[in-house]
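Same chain, two partners: chain A is paired with chain B first, then with chain C.
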Partner chain A sequence: MNYGLATPWALALLPLALLPLLRHGQQTLGYSSLAMLPRDGLSDLVDGLVRVVAMAAVIAMVFGIGGLFRAAESVERIGQGAQTVMLLDSSGSMDTAYATGTANTSRAAVWGTYLSKGQVARRMLAEYAAQRPQDMFALFVFSGNPIPVLSLTEKQSAIQAAIAAGGIERGLASTDLGTGLIRSLEYFKDQPFTGSRVVMLVSDGAASLTIPVQDEIRNLLRKYRVSLYWFYLRAQFSPGLDTKMSSDTASQIAPEQLVHKFFAGTGVPYRAYSAENPNALREAIAEVNKLQNLPIRYQDVIPRRDLSARCFGVALALMAVLLAAKCTELERWH
Partner chain B sequence: MNPAEIHYRIAWRATSHFPGAHASRQQGGGLRFRNHASLLDAPDPRRFDIHASLRDPFGELKVRIYSQTSTIPVFVVADLSASMGFVGVRAKMATLAQLVASLSYSAFRAGDRFGFVGCGDGSAEPWLLPASMHRAGGHEVAEALRDFEPQARNAQGMLRAGELMGARRALVFLVSDFHWPEALLDEVMASLAWHDVVPVVLWDRDEYQRLPRFGLARVRDPESGASRLLLMRRSLRQRIEQAFARRQAVLAERFAPCGRLPLMLDNGFDADAVSHYFYD
Partner chain C sequence: MRAWRRPPALLLLLACVLLAASFGAPHVDLERSIYRYVLVFDISQSMNVADVSAGDTPLTRLEFAKQRAQEALKSLPCGSEVGLALFTGHRAFLMMTPIELCANFSELSGMVTRVDWRMTWEERSEIAKGVFRSLELLRGFKDSTRLVFLTDGHEAPPINPDVKPAFAGKVGAVKGVLVGVGGARPVPIPKLDAEGKQHGDWKAEDVMQVDSFRADENQREGRGAAAGTEHLSSLKEDYLRGLAKETGLDYLRLDSSAGFMRALTAPAMGIPRHQATDIRWLFALTALLCLCLSLLRVTSKDAPASSSRA
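== the complex of A and B ==
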């Protein structure tokens, strides 16, 4: 535990704590002779206590003025579970309507009246994170460029806040799945393999990967031994991942089919879930549960904490004690 | 208005030549028969005693000799240390002033001489009113005492009081709260041993009986300036009362060898109480 003071010169006031030893600050009553009064242990104890309380109050106030804080520190913690990087597509295509309707529903949805793919994606991620409280999560958003949002942490509130943030549905134009994936995989760089690693890609997949990018992705997936899960969000009129068609057709109308094929061929554990399926989320969670849960050792940072309010609180409590003593003080003999 | 009168009496023979109210060693015009003497030794034919002269086997003429009643000096020796400045139900100095005024007047009425000695810590000149028949002498001292705030740090000056009262045996009212070390008590009593000392214990009910019921009281000793915090409560009140009761017993024990019990004045001045002290 490291403690510090924001304004250390305030300690110059500390000698004031000696004041209660020098001055009692009480109303004195003239008496004829103290020698006539019997010794009284309880009275002496009260006298000492009042002085000690007054000194403590002064000390607490001085530390409050000085701005006592507990310094930020990193603590090694041991968690249990998987390390999951959530990779969220935030391109403009994610703002379009999610495929809940049929061919008969309206084509041109009015903004705000429908559930967008981005909203669905964030809701799914939030649920998933909430179901796995012991895991560590990182959040990564990509569209034209990858945007790191949250590095690996197990603080559920931070994860949920990160997922909820950015849900403003104003995605950028392009989708660069390859760079996003590579950058998110670099989260695992130089990290000890202390638990299952999962990359959870949430995307509508309207992206194609060039051959060099594919090679790099494959290499990194193998190198870091990462399991890849893809929550596929189908657009309203997209054919989906599993519709049979030739690769030429696919590259024209459904590039995600090619991406799916590539992922399936990387040799790492890979599953694609269709978000249309209400059981998809549960299946994904069950799948991750099956992975080995190694203990994760990681450094947790406890932030710097300002203790001056607490100091003033203590001083206030002590002053209340002094006030009580003052209230019982006799100002006159009768 | 005249102060209340105190009637005092002594159990010893006065030695003064001046006729007064107290039994005396002096022979003279009193009512108390002492002995017979030859007319040649006491040439006062008015006291001729026929029966005694006839009974005398040598045929001497006998006269009766009577003891005269004489005056005595009455002194108030007051402790003027700071503890006497205590003001409780009544101010101790006010009680002292009343006692001085009353005794001065009473001494004047009885034809006795009155004097006053007030002593502090011995560093300052003591208050001294030499014994005199002056009627207003004590009154002036009383007026001065009423407004006096004693500051002395102790009562060591009391040891000098004996030197200031003259050689004649006197009735001495030693007025103090006697919050003294016992050594000083013994020394003062020894220095006044020649005199008839009436120890007047000036206490106040606020000091030891009418104590505050509950609360924190920081009491200050006027002599040393030290202060102590007291948590007044039932048990402490009882212990203070017990301490004063013990002190009273100790004082009585210390004064007993001097032939007098302490006269407690713990409820202000009461002339009748002082008179009762001499007559009960």
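== the complex of A and C ==
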């Protein structure tokens, strides 16, 4: 355990603790012949005690003035949470209007006057993370190149700030879903397996995956035993994930249907949630709750704790003793 | 006079009252400076030039900027808020809105460590536009935030001097500092692959030597590509100074850690905020004085200390 002072120069007052040794501050009485008085052991003891109490009071006050604190320390905690990597599509297509909404909001083309798919996505992720405070989250943003924003952490302030950041401005250029997925799976590389790993893909899926990329994604998903959830954000005029159309047609007008088909065939737990469904978020949270959670170990930091109030408390108790002693002092010989 | 009514006893009583009162959390409202920044890292390719150094080891401009930023994270006072963004193309991409530094130190530090040129989304570096748009971004924040933009000032493609990007925002609405990183001598820019391995340097014919408008004109009129030195890169200090002046920012050439900290904590970078300031220490100090005074008080000169009775 480490202790420190917020304002160390307060220690300059510490020599005052010697004052009770030099000055007793007690009421003195004239006596005709001191030499005739026998030494009184009890008086010496009381005198000594009063001085020690006064010294201790000075020291307690000086440490209180200096702002004594116990330094922040890192402790290992055991939690029950899942490890979730949020993989957020930040391509230009996510800037277009989200499928639901009134004619006024979804037809507007001026950025900032409508709710884009990306903003809906970030709102959902923020809500999801807020409802699972025991989980660890990482955030990956992908566009042309994947951008690892935040590695696994349980700190909600950091998670929420990272989710909020990308929603303020427009998204970036292109989409490379494959590389984004592969790089985000690498977050699990050196992490111990705890029973529940989730990749939460939030995308409109307007991307195609080549066969070698599909193979690598399938391998990594199986290797790291990841459950895959896809929050699908339908564009205004997209047919959605579940229409029956031929692969050729789908690759032309709705490539997300092919991506959906590929994910469903990877052999790992996979669910797609349509963000249009108001219950999607609740369903996803219920699904994650069902996963077998092994305890996970993680480092938690206990922030610095101010101990000056305790110093003042000790000083107050000691001062009360001194005051009591003072009140018993004799004014004159009776 | 009764014992408790004598001055020493009254002083001790006063000290007790003051100490007890300190538990009522006495405070005064003071105006204090707090710090809130968004650090923007230029991750364009010219930042891969290794023409700066910390100590003896040569570093790339980006590594040097990251290193100084890490040191600043360690030195800034708790309560400061830091956000991070990347710049390439013509805009900054915000990765993290400002969060409290000490509580989130490992996250912020980890993010700075991972900043890499490979996160790029566009192979251009239009710095003026990037600075202007970053200022607009920060102006939209709920709380006032200072911009710290770390760049070498190398515009690619070069700017047409007749149609410079103009700052449309309000000068000085968002304060901050443009931080110049790099050496004064023009040197080649390394060509790196996705693994970070170098494959030679960018050559004169690989890059645009003039802006795209003039390049098109040259091609139309059969003049051939213009010659130039745009494939070499140095810190464009005069250019960044001009940009800083145009936007009401400060300019600093990144050098020592101490210099960077001075720029970050300059009076103009502080954000005044009324803050309840703890004054328990004042109560305790007065109590301490009371105790000392009560000890110093001597009522009778003729009696030696050792014989007094409690």
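Here is the rule we use: the second predicted complex is superposed on the first by the 213 of 334 C-alpha atoms of A that agree within 3 Å, B and C clash if a C-alpha of one lies under 4 Å from a C-alpha of the other, contacts with A are read in each partner's own complex, and residues count from 1 in each chain.
To be clear about the criterion, contacts are C-beta pairs under 8 Å (C-beta built on N, C-alpha and C of every residue); 3 or more make two chains touch, one makes a residue touch a chain.
All values reported here derive from a predicted model rather than from experimental measurement.
Legend: residue contacts after superposition of the two complexes on their common chain; A:162 is shown touching chain C, with no touch to chain B.
In the superposition on chain A, A:71 contacts neither chain B nor chain C. Set side by side, chain B and chain C differ in how many residues of chain A they touch, and the one touching more is C.
When both complexes are overlaid on chain A, the residue A:147 reaches chain C alone and has no touch with chain B.
In the superposed pair of complexes, A:30 makes contact with chain B and with chain C alike.
Applying the stated contact rule after C-alpha superposition, one finds that A:38 touches chain B and leaves chain C untouched. With both structures placed on the common chain, the touch criterion links A:328 to chain B and to chain C.
In the superposed model, A:46 makes contact with both chain B and chain C. 24, 26-31, 34, 37, 40, 43, 46-47, 50, 325, 328-330 are the residues of chain A that lie in the contact sets of both chain B and chain C, per the superposition on chain A.
Only residues 83-88, 92, 177, 179, 181, 204, 206-208, 210, 212, 214-224, 226-232, 236, 239-240, 242-244, 247 of chain B touch chain A when the two sit together in their complex. Partner chain C is touched in their complex by these residues of chain A: 7, 10, 13, 16, 19-20, 23-31, 34, 37, 40, 43, 46-47, 50, 54, 57-58, 61-62, 64-65, 67, 72, 141, 143-151, 153, 155, 157-158, 161-162, 164-166, 168-169, 172-174, 301, 303, 308-309, 312-313, 315-316, 319-320, 322-323, 325-331. The residues of chain C lying in touch with chain A in their complex are 1-4, 6, 8-9, 12-13, 15-16, 19-20, 22-23, 83, 85-86, 89, 91, 93-100, 102-104, 106-108, 110-111, 114, 118-122, 137, 140, 280-281, 284-285, 287-288, 291-292, 294-300, 302-310. Only residues 24, 26-38, 40, 42-44, 46-47, 50, 325, 328-330, 333-334 of chain A touch chain B when the two sit together in their complex.
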